[in-house]
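In the two complexes below, subunit A is the common chain; its partner is subunit B in one and subunit C in the other.
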Partner chain A sequence: MLETLIPNWGRFGDRLISDTMATLQMVAIAGSIAFILGMTFGVLLVVTKKEGILEQLFIYNLLDMIINVIRSIPFLILLILLIPISRAIVGTGLGVTGAIIPLVFGTTPFFARQIESAIAELDSGLVEASLAMGMSPIEIIFSVYLRESIPSITRVTQITAINLVALTTFAGAVGAGGLGDFAIQFGLQLRLMDLLWAAIIIILIIVSVIQGIGNVIIKWSTK
Partner chain B sequence: MKKGFGLAAVLVIGFMLAACGNESANGDMTVVTIGVVGAVQDQWAAVNAQLYDEGIQVDLVFLNEWTMPNPALNDGELDLNAFQNRVFLENAMHTNGYELAIVGETFIAPQNIFNGRADIPADHTRTSLVDEVEDGFLVGIPNDLTNGGRALKLLEAAGLIDIDPEVGFLATEADIINFHVDIEIRAVEANTLPTLLPDFDIAVINNPQAMIHGLSANNESIFREDALNIEVAPNLINLIVARAGEENNPIFQRILEAYQTQAVIDVFENEFDGAFVPAW
Partner chain C sequence: MIKIEHVNKTFIIKKRNIHALQDISLEIKAGEIFGIIGYSGAGKSTLIRCINLLERPTTGSIMVDGEELTALSARGVRQARKKMGMIFQHFNLMPSRTALGNVLFALRKSTLTKEEKEKKARDLLELVGLAHRIHAYPSNLSGGEKQRVAIARALSNDPKVLLCDEATSALDPKTSASILKLLKEVSQKLQVTIVLITHSMDVIKEICDRVAVIEGGQLKEEGKVLDIFSHPKSDITKQFVSQSSGIGKIYELIEQDAPIVALEADEMLLKLTYAGGKVKDALIYHIMKEFDVKTSIIFGNVAIIQHFNIGTLVISCCGKQKNLAEAIAYMREQGVQVEVMKSC
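Moving on, here comes the complex of A and B:
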């Protein structure tokens, strides 16, 4: 069955499986770290900005600048510039392990910005009312900012996660493998179109699952 | 970063020249645009110096991907390209239907194996690495088809693996039929290999990339491709390529003649530390 659909399965099937695992690992590990860091920095941007609930312009401007700088560096360049940092933190610049730090750097600033704009969509009256009720900043962050923006946070998480799946394609440059790299190496370079389409279909499934889970969360939280 | 901007500027200027160039007369100079890949192109200055009095000028168009110069030449956006060997050219013509032809041969850049974490004494005249390489070694190779296939052939020549004899220089890891030493092979982008070298035990690196990163092909190589070997050489010699039917254009042939001179050999020896070997 598999052999008829993918004639080159016998020769490259093992690689397709291990590259699927590599993509899933990169998305899961880098995605989880970037989710926590991006959420933290996004909230920090919201609360420290001018007229924020914990206004700290120095922190806001610093964060704002760092995010702009990292977002300005094309990912392929970031990937190579971060090799020494990766080696210092996780012990190697190579493979899935070596790709995690660059992927986190490539995803976190984008996600922080998205979180910032997701929270900005909230009705400002809501925050004023909470302040009037005597809620502490921590309470406002968790029970107003984050709780009330669950649907929009979910939406930007979907966008960022799918963006991350695309970024993993570049990680082939440091030997991390992954489906995008598989499609380039065996699909495009060897012109084995069955492998190209197999990789694209698996990527499509991953993207659809991310989109589907997000849609369920949005539906549930807006009930 | 400065280098990056410089390269970008060269690219932009190159494209502008390509757009208005196309073997056009620039004043009384005949301008020929040549697509090249990579920053190591000093030999062309020696070519231009010889052709100046004859009114021929070679303009380089720097492209940043090996996949770009052949379609650009095929579609008439370049007059020539000079970046590939016969294996790459034949594969590109076969898979994409380009109608291209060889003007002439230039040089060979033999691949070398270098130490990463391993500490194998430098000796590029070795005929085998079986006794030096240990089980479990992590071995880096380039991840593009031609350089990667060539690197696997080099590992085969070093006695570490056997490759299915039918696949030639376009081998992939799936074509390894036997491991003589239990190594793990990992493919990464050719330009990134020298930066990642400390994470490998040993790695196969192309000469231009090794040179840019300060690895000496003469003094640090632990195993060298026998590039001028009669069976290997015809596949790996770099070429100047034109559109089919134009390969005998007298101006192109004159450029080839100016390339195949002592002036260019001097550049290879003095500036490239023997990384390029003349092969005409």
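Moving on, here comes the complex of A and C:
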């Protein structure tokens, strides 16, 4: 079956599988880290800004600036720029492990901004009501900001995760492999179009799964 | 119960000082329903938010139940806020929680057991008349129902004070009346002191014991609702009262010289205000008969405030100058306030 659909499966099927796994690994690991960091920074942006529940303009301005700077660096350049930092943190600047740090840097600032705007959509009256009930800032962050914006947080997580899948295609530049690298090698250089299409279809499936899971969560959490 | 002393609040907006509140002092007694009325921008929202320190006064003191709030730590303020419930114009219910969930949410830090909390939340929802809707989400509730949930939520920590921020402004008149009735019941049943702000004299008339009128961040007038209605002193209060009785329309008509208020020679337009049912019904008959003054009623309104009636009548009188003057003097003797609105 696979042989007829993908004539070159026999020669390069193993590569396709291992590159798919590399992409999935990068998305899962970098995605999880970026999710937690981005959520933290996004919430920090919301609470420390002017009129925020823990107004700290110094922290806000600092975060704001760092996010803007990192976001303005093109990812391919970020990937190379961060090789020494990757080495220092995870021991190598190459391979899937080496790609994780740049992917986190490439995703977190974008996600933090998305989280900031997702929470900003909330009716400020909800926070006022919670303050009037005598709730502490920590309670408000978890029980109001995060809980009440689950649908919009899910939506921005979908967008960011799909973006992350796109970013992993650059990771070949540091020898991490992945479907992007696979497509360049076999599709562009060897002109094996069946393998190019196979890679595209796998990416489509990954993106659809992300969309599908997100939509289920949005549906479940929107009352 | 609540003592507001010399409270000032200044906002700095674009490097300009905005004096939202200027030297406001008020005392609100335990168990009463106290209304604060003003137009939008008068500072009433800021004032009610000063009572639970959602806005911190720039200077001045806020005492609630014998405790000086402005001196408390952040934690102390949170504790004090738990003893005060608050409801809002736009309800501010948590959309992801059911009616029951919203009440339980306010109870999460209480020392009751899980079962006790659940029972209390159910009891409160029953008190506000929503026993059949406890599992509904806010998006499926009507405005009035949402405000009922908000009231149940605000009462969950047995507050001594309930702050109402334009609680009925977003509701239709019928629903608004039912919410006011509920507030009155709550204040009697649970001995809660209620402070409400509004721009509608009808709300004040309906449930308040005392009222404060504020304009431009200043306290203009304060007193029992009946007194304020029957003898308004400041211009702003007079405006509110006349809007409420509908007499404001007549003033507009006079300004426009409308035919309905056009006068013939020897005719004048009088506004009569009387309070407390001390005026005999035969007043109009009497002036027609005794002073030979032809009288027709152009406008009339009677407001019932705490079992007293306050009447406003606009009449046109036609007669000899001397007779008209005598008629007016007679009516004043009878305890009726007479104002000449227009004369020829």
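Please note the rule applied: the second predicted complex is superposed on the first by the 222 of 223 C-alpha atoms of A that agree within 3 Å, B and C clash if a C-alpha of one lies under 4 Å from a C-alpha of the other, contacts with A are read in each partner's own complex, and residues count from 1 in each chain.
In this text, contacts are C-beta pairs under 8 Å (C-beta built on N, C-alpha and C of every residue); 3 or more make two chains touch, one makes a residue touch a chain.
These figures come from a predicted structure and were not determined experimentally.
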item	value
Clash or fit (per the criteria above) of subunit B with subunit C on subunit A	fit
First (subunit B), second (subunit C), both or neither touched by A:11	first
First, second, both or neither for A:191, with subunit B first and subunit C second	first
Touched partner set for A:164, first subunit B, second subunit C, both or neither	neither
Which of subunit B and subunit C A:123 touches, first, second, both or neither	second
Partner chain in contact with A:143 - subunit B first, subunit C second, else both or neither	second
First, second, both or neither for A:202, with subunit B first and subunit C second	neither
Distance of closest approach, subunit C and subunit B, by C-alpha atoms in Å	39
Residues of subunit A defined as touching subunit C within the complex	123, 125-126, 128-129, 131-136, 143-144, 147-148, 150, 221, 223
Interfacial residue positions of subunit C with respect to subunit A in the complex	52, 54, 77-82, 84-86, 88, 90-96, 105-106, 108-109, 137-139, 153, 157, 163
List of subunit B residues in touch with subunit A within their complex	95, 138, 140, 143-145, 170, 172-174, 186-189, 192, 195-196, 198-200
Sites on subunit A touched by subunit B in the complex	11-12, 15, 80, 83, 87, 92-95, 98, 172-175, 181, 185-186, 189-191
